[in-house]
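Two complexes, one shared chain (chain A), two partners (chain B, chain C).
Showing the complex of A and B:
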């Protein structure tokens, strides 16, 4: 009942992903589950499908999960990660078309109020709509 | 500093923004989260000439860019409108304390 949409942050840089997650926790609070991943196994820049799936599992909620990404590969790998989930979970995960930091803070703010996944996504994407 | 009056079906109130740097991101998140706890429709504006905006929309509240000493006007409509206006006035008047989630 009190479950809130989970937030996953996927950046090419682990520092950016972690920093964004820190901002969400400090600005919005701890009632929203936030998971993040970024960088490749060698410590360089990149994104990794299996790490994204782990992050989705960490942030999992019965209300679903909203993913915020930075550039190109973060988006395609996130979409691939969603494709690899079981069919019934797949439709409960969305990749938001929004700037990573602002989108994450706004999505989490909306999620904290108990909103649905579609509402959370719409708020994150409000920024892109201008 | 604050006043509350019944204006037709709306409960209204005004409060001076005392936050040092005005309505920036963190206060906007706190205000939106608090507004969402109420069923009432809640609108705010930062000057008498501005359009009313939905207090539950974090993007719109952040975009207010209200500077320090702005007079924030709040109006609400619905069953818990009075409690909503009182709670929001208190949040702004007490400079957005960290207490509560």
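Showing the complex of A and C:
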């Protein structure tokens, strides 16, 4: 089986993260690994570095992982999480500059076709460039 | 010079307690121009630091800074976690074992650079850097002066006030554009609270 880029969804809200993951699974299918997390360490709105690390490891693929985030803190915490991974995994994870829902669906669609991490990221980020 | 463990312990303890005590004010500032969670996030992070106080302060200084940094990264839950966390992780990397370098600005500057890199931000963007960078300049310019602590305190207070007319271009406050003008930046304020706590603790021990 050909491995596909994994997708991680990081929102301040667990409901948004889960809802986005549900949309990806319904629209793209289950051949792409999708993991999500949301909420601060107390369960309120926010993000949590250790949950992001867990989600990256859950969605791990030899082709790497693309992360989609909602707002500033999710991006900063995701970048921090990437830096705390084992060195050989760090360079295989990217945080996409793209809207979270559309970006996740587009990234997963591209990933399902067996594209590289850079191609997946580029397709998601085209949404921002427009 | 080595830092006495009792002094270090009270530095960490007082700084954490002061941040926790200022949580309502930080949250109020953040409700004006951010998402209103800076106080509760910082409180959660520094409560986690306080819970580990004995373990942290029994480590050599470099490891202690790194433990504080990692604790903040893992518990704060907002962008301020990686920002303050990176400060302490980088400060820890700039210290060798338990030796406090003669050049405090070098250690502090390593932390400030890490914050700037993590936030991809610079001075004048209405962030914590608008306190940290002026304080770094004071540490460089006034090193060795008898009144260094007082000058750091004053620099931090004045720097917080200077964030009021600034327009935010980084972080959540940037969504407000011109409406971010007229408010104190919450991150600048929390940096000032931490610095003032350090100043007061060191003065009390002189």
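A few points about this structure:
The rule we apply is simple: the second predicted complex is superposed on the first by the 128 of 130 C-alpha atoms of A that agree within 3 Å, B and C clash if a C-alpha of one lies under 4 Å from a C-alpha of the other, contacts with A are read in each partner's own complex, and residues count from 1 in each chain.
FYI, contacts are C-beta pairs under 8 Å (C-beta built on N, C-alpha and C of every residue); 3 or more make two chains touch, one makes a residue touch a chain.
None of these values were measured; they are calculated from a predicted model.
Aligning the two structures on chain A places chain B and chain C next to each other without any clash.
The three-chain arrangement built by superposing both structures on chain A places chain B and chain C 150° apart around the Cα centre of chain A, to the nearest 10.
In the superposition on chain A, contact of A:62 is made with neither chain B nor chain C. By the touch criterion defined above, A:127 reaches chain B but does not reach chain C. Contact with chain B, but none with chain C, is seen for A:31 once the two complexes are overlaid on the shared chain.
By the touch criterion defined above, A:109 lies against chain B but remains apart from chain C after alignment on the C-alpha atoms of chain A.
Between chain B and chain C the least C-alpha distance in the superposed model amounts to 26 Å. By the touch criterion stated above, chain B contacts chain A in their complex at residues 25-26, 29, 32-33, 36-37, 56-59, 101.
Chain C makes touch with chain A in their complex at residues 35, 37, 40-41, 44, 73-83, 85-86, 118-119, 171-172. Partner chain C is touched in their complex by these residues of chain A: 40-42, 44-50, 71-73, 75-77, 79-80, 84.
Chain A meets chain B in the complex at residues 27-31, 105-106, 109-110, 112-115, 123, 126-127.
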